[in-house]
Every structure is written in structure tokens, then in C-alpha cells.
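A quick write-up on the structure given underneath.
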């Protein structure tokens, strides 16, 4: 297992957002996490990345390293990159600087340049816009930049929080295609999505989260056929 | 309105309100130290009327509003029989109102504004008044033959403004520039450049020692090389320590550090022993305020505010460190003024002017 | 004459022409969709219609009167209310208070009334509160009325924003991506809600949305923008079949 | 309780009842004044009266700063204007006899109105400035007022006193006047901010753009907050002038403004009762610390830091006494909502 | 002509220290959106530490440059530590709290340092002249028009201008061209997203405080040498530097520099041509007018919010 989350408990003050969540992700997989609004999906990702402190449970990296208690920048150092909900582009920095920040922990300029070439290979539009300020990019471009930025850290595990939010249909399809490509190149992906249909189409396995608990887990194709899932998350 | 008994059986309680913190803390702390030295000396010799004197000291953060609160506390909580304070006239006026209301005698060590003692018959001072000192400066300028004088006043400071007013009243020559600064200012070059452009014979600088040296230094940098002169606010080790920069400048004072009178010599020695510092003007005035007050209590024969007031009013020829003090009918101190010239970090008496 | 008429609207940001020569009409009881790629200028159109941005050229008329140059609050009082692409609730106020803010302009008493708390004032406050609660009930938020808006789940926040906009009693409601971040089931509920609003309040609704199922299902007419230009206007079926729309926005026909 | 929010909120207490209670409360200050003067130590009475004045000042700043979210660092300037207006007129007319109390009331209102006019002038930059820029502009306003006072000897027949201060103002203010003022001020601002109309103030604080989209004339409310806040600050200044009888310009500099901002924040920006409590605590605390002599202000500043570290949400945790609903404290300084997600 | 020239030199010379202090304000503001009220007191502590060092090394009779290096280095180091400590103890625990709350602890720290410095155990209330490490000397002397129309520039004027110009350059380079600077700019937007980039946000913030405090120390030492050392010396320059930072466009490094010089010049010219009594008031009037015309300051960027 690349990452295993066991019995995770997280709360915001009195609100228990995660109540004993267990999730495991294997090398090379795309794992989807779906669930209604407020189910706790974002909370789970933020806890894995060290942005939130868990109350109980464990998060194990490669079966041995405990991530609980690490600061976010230390988690990044292990090879976990997180594309946050709502993209969170640095609006006043250029696209290039945004990308540079993604590779912040890499000190060699040569290596960074190489990685940036690769990101530009995946997203040619970013190469065109590299000197434009992040805040002025269109929504789709910002999403690509956010993913590209995460790729700059050469992650072994990529956490994606609703990459399709607010994007035009054409772009949504493009993003999912890129997710597949990245995965094919060897990056493991943990994907949170409202667009359950799309997510389960690209994923190998999936989890369904409901009010802070894992309700279901199965292969993606089984979930796509599951009647409860169909009813609740695929729109009938 | 005044409730309860005043004065304790075992001690004589004197209240002090001073700016121990805030913008003018340096003056408040100096006068406080002088006062404490006086009380210590008197207590060592057995106190007053067979009782020890105890000073209750309250800080007013250099704020007039808080000065009132502090005096109110001294009078109604601590039930002191007399009050000493303040350095700044504004705060003496504020605190004096309360003292007058409760008929508690108040003696200000250093508030020079004429209005302070006009608050009422319980308010006294042991320092010069501004108009007197300003007049002394004007007389001196004329004696020196300075026909064109520039004035550089600290407008945030009553003392400075008072001296300027007194000076303008008395001076017959031409005032070529009337510039100002504010306490806390650091850079005076703009005004000095302006003053320089008017070509004065001398510059009247009625400020405190905290600013004087900086002003003169900056003037010399701008090649404004005329004499500066001012009042007793200059009196401080700081001014002397500045050394040659201050050469050829003058100020009026109650005494000269080289004064051979024993009261002066003893005070300076005792102060240095206790605080390991040379006293400044505020320390001397604080010391004298304490001494005059305790002397009045002794003469009153009892520690009752009204009796102390009467004794204070009757003070005559008291040999203070800051000169021989006589309280006049307006409750102001009368004492001669010296004009001191600075040279190589030392002073010598250039002139003596008696109160008119 | 339509209730809302936009003609030849052009908006320029520095070198970027966010909208050019945009024409649009909307009447009471209509539900009109606005779609287009990211950055096409959809939100910009809303911003001009609500007075947040000033147009470089062109006119916006409400019931025949031009509202160009009017300030946002004036435009709202004239009858246009909106929601925001990134929700902008009063996050530190309660759910009920958020809606009550919408009633603010209907308050007839002045400041003396407030300070002296006259009976008239008290009656009016209670009436508004009652109305606000009724509105919240319709939106399924009544049981959360005392919670701070910032503590609501995202979907509820979106609904609250719509309720708040309706509290200003608009004649036209602009919804900017109301379904973003909702799951399919919630989207279906939202569709019902939007239809209900249109019928119950008989107002015109202008809707930006990237979810094609939703747009196609509820909008009678759809305008498609690309790079600030209108590339198609028509019914759902017409627009879906338009090759320009497919190329710029949809990709392949949605099936 | 929960599902019938409207009744659980205490709004159904009849208005006339509360109004009568308020009148009785204000009237009750009169005999209380009498009792206090007889029974209480004058020093504590003074501290009590200063608490009353600071309650007015802090509550009125709270309307601008905590409730409307306009970061003002110039409140002492309004206080100065009121103090000098009332003080100077009082000295000029020196009313005595039966009409003296009525004259005081009239002159207090005049002082408040003059300050309110200044509030209007200061409110105008708020139309363009936000957050820290506004803070600086208001701070500048305070310093300009200070400079004008320091350099003005008199305006026509009315004495200002320049840097020497204004002295010998007839003393009229007593416990009654201070607390009548405080009650009226707190009650007015309470009603303004917890009424349907006054919700607009807090809507402006939360999000100006959204508030405008809800039909709220944000300009009007921002300026209004300044005008009302300045009015009460001016009244407090007038009370102060006629209580001490002396005014020194330094008392109204930005240190005083900052002291008031501290009260507002420690009270939990936005919570009116919290600010009242904070004003009392922060007025009393330095007096209580006199025991520490020269370390007093050191201890005071440490206490201030500790209070903020231990209760960052304010003394009452951003709630109101007498009202169980949470009123969220301002999370940001005016117009800075973008950053609140940090 | 000589008069105006001299006044301009006077103005630039004061403005230069405002600029130095303003640079620190702007840095801290840039990352934390916090008006660091204690900044003026850090400047004061810089002067105090410099004073101690100067007194301490006086008996050794070092050459001027050696003494200056030790004094500046010591004061900068001490203030960097102080800045770190202030941030660590008073601001960091409130990291996710509303900014106004932190503003109050900043005021608390400012009061604490002022009052501590006023006690005799730390410095005492009396202003002390700086030991004669380097004397003011006229290094440039022009006569313009006639022998009496002299314009002088002192070594201290040049020192303050040179230091602030040089340090602004260094700062701009650090912020715009280095990895640390990039991190700093990222943190100034959002903490959580920055930490997702692998940036240690706490360390970046500490670094900023230390840098800003060291700059304040430089200004403190310059003013200590030029004027004197006093416990409340941070009050007015702190305030004016804050004004300068806002005037220049808070968050902008060249803005702070320009703002500082502008404030210095306005102040001096008002004193020189109008009345010194009104100089602060006029400076504030000009400030308000400039802000009304350019609501984000002279060089500040107006960040319109995108809806």
C-alpha cells in the first residue's frame, strides 16, 4: 500500500467531519472518492496533507511512515502533492512562478527546468501563458496550472480535489484525459469528485463517503453499476 | 465633602503625582528622585514633628486626565496631608483643581506657567515663572547687544511658550524669525535652515535639555554659528556632556553647579552617592520642593492641611539647593536668576539678575 | 419591449475585450441560460447588468430605463438581484439575518423609529422576520435559521444565496453557476427549485451554468458566448446541434 | 425553541415596556448619583465615571469599527472636537442656576453635533479607502485635529487654549450625566445594530459587494456609522470637558484612539456588551495596577497581550450578554474579506 | 536656490530613515497583512542596543569602520532576534485569528517595549547622546550665489541615504529574485496553499520578521548617531514610516522607499516654507489627498476583486 488511512477521526470544534474513515491506495492506482456536499471529502484530503490535525486514527505512507503530526511542507517532501479545492492559484504571481512554487523543495534549477518542460508538454496552453499573472487566467487554465504546479513536485501520490469544478464540459473532458495520462506515467492518484460518473470512469477503485463515514467501496466499474450509487450520485 | 480623618498617627503622608512614564517621564523621574532624596535625608535625621515622612507616589503617564485621577486617589484614598507635583503646568493645573477643592496644599517643583498658582490659595510653586525668566533672557540679550534675535519655540510645551511670551514682552530688538518645533521632534534642520536665512545675531531656544543639544548640533552642521540661549530647561548633565558644541551658548538658572553654597554642594554629593548620576534641574527642584514642604510642616507644628498651607505661604529665605526661596503673596517663589555660559562642558556665571 | 434589454454591450479590460457587441433580452417568467467556455465573458455580463462594472459601450435597460451608470445597490432596488460565482454570503451573520438583509430596502421606518423602537417598527420587523422564515422554509433552511452562514454545507450556502437574493423582491434574478459543486442528486433538486422560483415569484431568471444537463433541462432559451461574442442563441436542441458550440464548448454531442 | 426563531429572540417584549424601563433606568441614575456621592470614595467614584465615559467612546467606536467594519484609528479626534466644542462654549456662557443643567444638555448635544459633522467629513474618504488605507486616513484626521487644537488659541470669542490646554471650564458633569449618556448611547447603538435596518451595518462589514447587490447603499451606511459614532464620541468628549474642567490636547492623540480600539477588539469586535465590559476592565485595570508602581505599565501591557492570546475572540467570546445567540465578531478589517480564508 | 537645495537635502536625509523603517513595515505587512505596531519599538531597541555596544567598545578605541561594523551588526542581530521573538510569542499563536486581534497584541508588545525601556533597569527615561563613534562632518559644501549662501551635506546624510537606497535594492533582489523571496510572496497570499507547495510557512514568516527588524535596527542606529537615544523615539518615526509605507502602497518595496522620501520631503518643505507648527497636519492632509486620488498608494497595485 502506498497510503493507508485507518480509522481517521477529524472534527471542526464540535462538528465531527470524519468518523473512523479507512481508505487505502495502492501504487499506480487511480482511486476515486465520491460523496455528497459536506460528506468530508475535502477534510480527508486536507488531513492527509497535514493541513488539518486528526483527532484519532492513523495515516501510513508506504506502510511505515506515520503522516499524522507532520506539517504540510513535510508531507510534500515525502512525495505527496495536493491540488486544493478551488484551485488556489497564487493570483499575483505569474504562471511560471506558480509552477516554480510547485517545485519549491527542489533546489536544482536544471531539474526544475526539465520538469517544467514536461508540464508544458502536458498543458501546451500554459507555455503560452507562462508570463501571465495567475489571477487573470481563465478557470480552465487555472485548473491546468494547479495540476501542473502539483506535478512540479514530482509527486508519487497526487491528491486532486474536485478538478472539474466550474469548468466547461470540453475542459472537464480534457482534464480527465490528462489525469489518465499522468497516471499512465506512473503517478498514483486519489481523486475527489462531485462528477461521480466521470470520476468512476477513469478510476480503478472508488470509495463512497457519507457524513464522515465510508459507506461503500468497490472497483469503479462495480460502483458505476451499484444501485445506491446510481441513485444518489449519478443522477438516477 | 471630605470624608473621614486625614493624616495618620505614626507617619506624615505626602502625596506626589509625577510623569513616571510617557512622553515626559525623564522629568517626572528626575523630580521624583530629588524628592525621595530629600525625604530620606529628613527621615534619617528623625523626620518631622517626631514622625517619619512617607511619600506616596503616583504615575500619571504624562497625561492631564490621569493626573486628576492620581491626585484624587492620593487625597481620598491615601488621605495625604499635602501634595507635591507636577513638572508640567498643564498637569499641575489639572491636579491643582482637585487639591484646591479639598483644600490640600500643593507645591509644584517646576510648573512655571503663571496660571498654575492662580488656581487657588492652596497652590504653590518653588520655581521661576515663565514671564520672569523670559524677561531675564530678554534683558540679557540686550546687554549682549544682540539686535536681531531668532526664536525657536517648542509649541507643544507650555514652558517654552511661556518663556517666549516673556521674552517677546521684554525684548526691544528685532525678532527676525519666530520658528517652532514640537517635543519629540528629532530633526530641526528645516527650521534652522530657515532661521539661518534671516541672519540673526543669536537664537533664543527656550526648550528642554532633551532637545537643546540636538538643535545646536544641527545648527552647527548647517553653519549657523551664532550663540543660542535659553532658560533653566537647559540645566542637565546632558547639556554639559555635549562639550565643545555648546560653547558660547547661555542659559538662565536658579543656581550654578559650581555654586560654592553648602546647600548646593551637599545636595550634589548626596544625589551622586544615591543615584550615581549628576542631578539635573528637575532633580534639584524636586529635592527643594520636598525640603520646603517638610520645613513648612515643621513650622506648622502639626500635620494638618490648613496649617501646612499657612506655613508654606510664610516661607521666607529658605536656603534651598536651587537658590534662596521666598514665597510671595501670589504663592510664587522669588529667587535670583543666574545666567550661565557654557564652555568646554562647564558653566560659569555670566550674569546675575534679581527678581524685579 | 422586454423587461431587461441589453444591447451592443462591450466591455474592455485593458487590452482584453471580455464582451463585444452583446445583445440580450429577458422577460418576466422566462428562464434563459448563458453558457460558454471559461473566460467567455459570462460573469462579466452579469457584472455589467448589476452595475459592478461599467460597460465600455452599449446599454442595459430595465423596463425601458437605462441603468448604465447606476450603482449596484440602485440597480438591485430597480429589480435585478443576483448570486455570485464564488458564494458571497454574510458569513458572520446567521442564516435568518442573511435573508433579513435582503428585506432591508423594504423597511419603511427610519432611524428614529429604530432607536425609539416604535410599535410600527416592531410590527414591521416581526413581519419581515416572518416572511424571511417562510422563504427559508421553502428553501429547506428553516431549521438552520439560527446558524452562522459560514457553517452551512456548500450546497446549503448556494441555496441560501438564492433565498437572500429573492428577499430583495427582484423582477429579474441572475444565477451564476448555482449548481457548481453539487452532486447530481442535489442538482435535480436545484432544478426543481429554480422552476419553482420562476413560477411562484413570476420573475425572469438568467442562468450561467456549466452543467449541460441542468441547462438543457430547464432553460427555454440559451445564449452561447465565446471570447465575448455571441456564437449561438436558441433552444436547447438548437444550441446543442450547433457545430460552433460543439467546437468551442461542448466538445462532442452530449448523449 | 429552535424552529420558532422569531419568538425565541426576545423581540416580542413590548417596545413600550423596554422604553419605559430605559427611562426609569436613566432616571434612576439621579438618586443613585446622590447615594454614591454620599457613600462612595471619591476616587472610586471618579474611576466609575471614567468607566462610563469610556463605555460611550468604545461603544460608539464599536459601531464604526466592530459592527460596520470600518477600521478607524481617529476616534479620539471626534472626542476632542466634542470636548473642545462643549468645553469652550461652556466656559464662554458659564451657565449657572436653574438653567445650568439644561444648558449642559444642550451644549453636550451641540458638541456631539459638531463632532458628527466631522464624522461626515471623515466618512467621505471611506467611500474610496479600505482597510489599512482607511486606518491611516483616520489616523491622519486625528493628528490634524490635534495640530489644529494645539495651534489655535481661540475661535472668535471662544477660547481653545492651544497647546496650554483649556482650563477653568465650569464643572457640571456628574455620575448621573455620565451614566445617562452611557445608557442612551449603548441602548441606541444596540437597537441600531440589532434591528432589521441596522443589519445593513453588519452586512457592509461582512461583504460590501454582496451588500450592495442586496440593495444596500453601502456608502450611506458607512458614512452614517461615522456620523453616529462621532456624535457619541463628541458627547463623551463634552462630558469629559465638563467633568474635569481641564482639557489638554495630548489627551486626544492617537494613543487614546488606540486605547479605544483595544477596548473594541478585546470586547470582541461587534459584541456591544463585550465592548462595554472591556471598556470597564481596561479603565479599571491600570488603576488596580498602581500597586506595582513603576512596573505598572509593563504589567498592563503584558496583561493586554495575555488577554488577547488567551481570549482572541474577545472577553465574552463574541457573544452578547442578555442575548444567547452568537453574534459573530468581525473576522476582518473593512473590505478585506478576500483574505479571511488564510 | 541654496535655501531650497538645503531643504531638499534635509528632507531626503530624514526621509531616508523613514524609508528604512517603512521597508520593514511593508515586508511584515506583505506576508501577514498585519500592521506591526511594535515595529517602531524595534527601531528604538536597535538604537538602544547600538548605544550599549558603543559604550561597551568605547574604551578599546577601535577605528571608525570597525566600530560601525560592530555596532550596526550587533544592533541588526539583536533586533532580528527580537523580531523573531515577538513573532514567535505574540503573533504566531494567533495565526488563524482575525487580524485585528493580532493588531492588539502588536500594540501590547509596543507598549511593553516602550515601558520596559523607560525603566532605569533597561534604559531609563532620559535621552542619551550617542557616544562619539562617528562625528557629523560636512562632506559636501557648495556655495551658491554668494559666500553666505552655503549648502552642506553631512556624512550622516549620505550614510542614511546610502543605506536606505542600498538596502532597498538588496531587499528588492531578495524578494523578486530568490527562492526565499518567491516563498515569501506565496505566503503573502495564503498560508495553507503555500504549505502545500512544500514551503515552511512559519520559517518564512520568521525570516521576514527578522529581515524587517534588522532594517529597523539600521534606521535606529542611524538616528541614534544623528540625534540621540530615547525610549519613546520609536513613536513618531514609527507612525510616519507606517504612513510612508501606506502612502507608497503598502506591500510594495519601492513604494515604501518612495513613500519615506515623500513624507520626509513634505515635512521639511512645509517647515521650511509654511509653518513648522502645521508640518504634521499638512503631511497628513497631503497623505489623505494622495490616497483619495490613488487609493492604493503611489506605487501600490489596486487589486480589483474579481467576482
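A, B, C, D and E are the chain letters, set down in written order, and residue numbers restart from 1 in every chain.
Throughout what follows, contacts are C-beta pairs under 8 Å (C-beta built on N, C-alpha and C of every residue); 3 or more make two chains touch, one makes a residue touch a chain.
Everything numeric in this text was worked out from a predicted model, so none of it was measured.
K.L.:
For subunit A and subunit E, what is the smallest step count along a path of chains that touch one another?
P.N.:
1
K.L.:
Applying the touch definition from the top, give me the chains sitting in contact with each of subunit B and subunit D.
P.N.:
The common neighbours are E.
K.L.:
Taking contacts as defined above, which has more of them, C-D or A-C?
P.N.:
Between C-D and A-C, the larger count of C-beta pairs in contact belongs to C-D.
K.L.:
Let me spell it out: compute each chain's centre from its C-alpha atoms, then which one is farthest from subunit A's centre?
P.N.:
The chain lying farthest from subunit A is B.
K.L.:
Using mean CA coordinates as chain centres, what's the subunit A-subunit B distance in Å?
P.N.:
Chain centres of subunit A and subunit B, defined by C-alpha means, are spaced 74 Å apart.
K.L.:
Quick one: subunit D and subunit E, Cα centre-to-centre, how many Å?
P.N.:
That pair's centroid distance is 33 Å.
K.L.:
Taking each chain's centre as its mean C-alpha position, how far apart are subunit B and subunit E in Å?
P.N.:
Distance between chain centres: 35 Å.
K.L.:
Residues of subunit E that touch two or more other chains: which are they?
P.N.:
Answer for subunit E, listing residues that touch two or more other chains: 115, 118, 190, 192, 277, 280, 307.
K.L.:
Show the residues in subunit B shared as contacts by 2 or more other chains, in ascending order.
P.N.:
21, 23, 155
K.L.:
For subunit C, jot down the residues that touch at least 2 other chains.
P.N.:
52, 84-86, 88
K.L.:
List the residues on subunit A that touch subunit C in their complex, please.
P.N.:
It is residues 15, 34-38, 86, 137-141, 162, 165-173, 194, 196-197, 231-236 of subunit A that touch subunit C.
K.L.:
Over in the complex, which subunit B residues touch subunit D? Could you list them?
P.N.:
Interface residues on the subunit B side: 1, 3, 20-21, 23, 57-59, 61-65, 68-69, 72-73, 75-77, 89-91, 93-94, 97, 113, 115, 155-158, 161.
K.L.:
Where on subunit B does subunit E make contact in their complex?
P.N.:
It is residues 21-23, 25-26, 28-30, 155, 179-182, 184-187, 189-191, 193-194, 197, 199, 210, 213-214, 217, 221-223, 238, 241-242 of subunit B that touch subunit E.
K.L.:
Taking the touch rule as given, give the residues of subunit E at its contact with subunit B in the complex, in rising order.
P.N.:
3, 6-7, 10-11, 13-14, 115, 118, 120, 124-129, 136, 138, 148, 150, 152, 154, 223, 226-228, 230-233, 235-237, 267-269, 271-272, 275-277, 279-280
K.L.:
Give every residue of subunit D touching subunit C within the complex, in rising order.
P.N.:
Result: residues 2-3, 5-6, 11-12, 14-16, 18-19, 187-188, 191-192, 195-200, 202-203, 205-207, 209-218, 270, 325-326, 328-331, 340 of subunit D touch subunit C.
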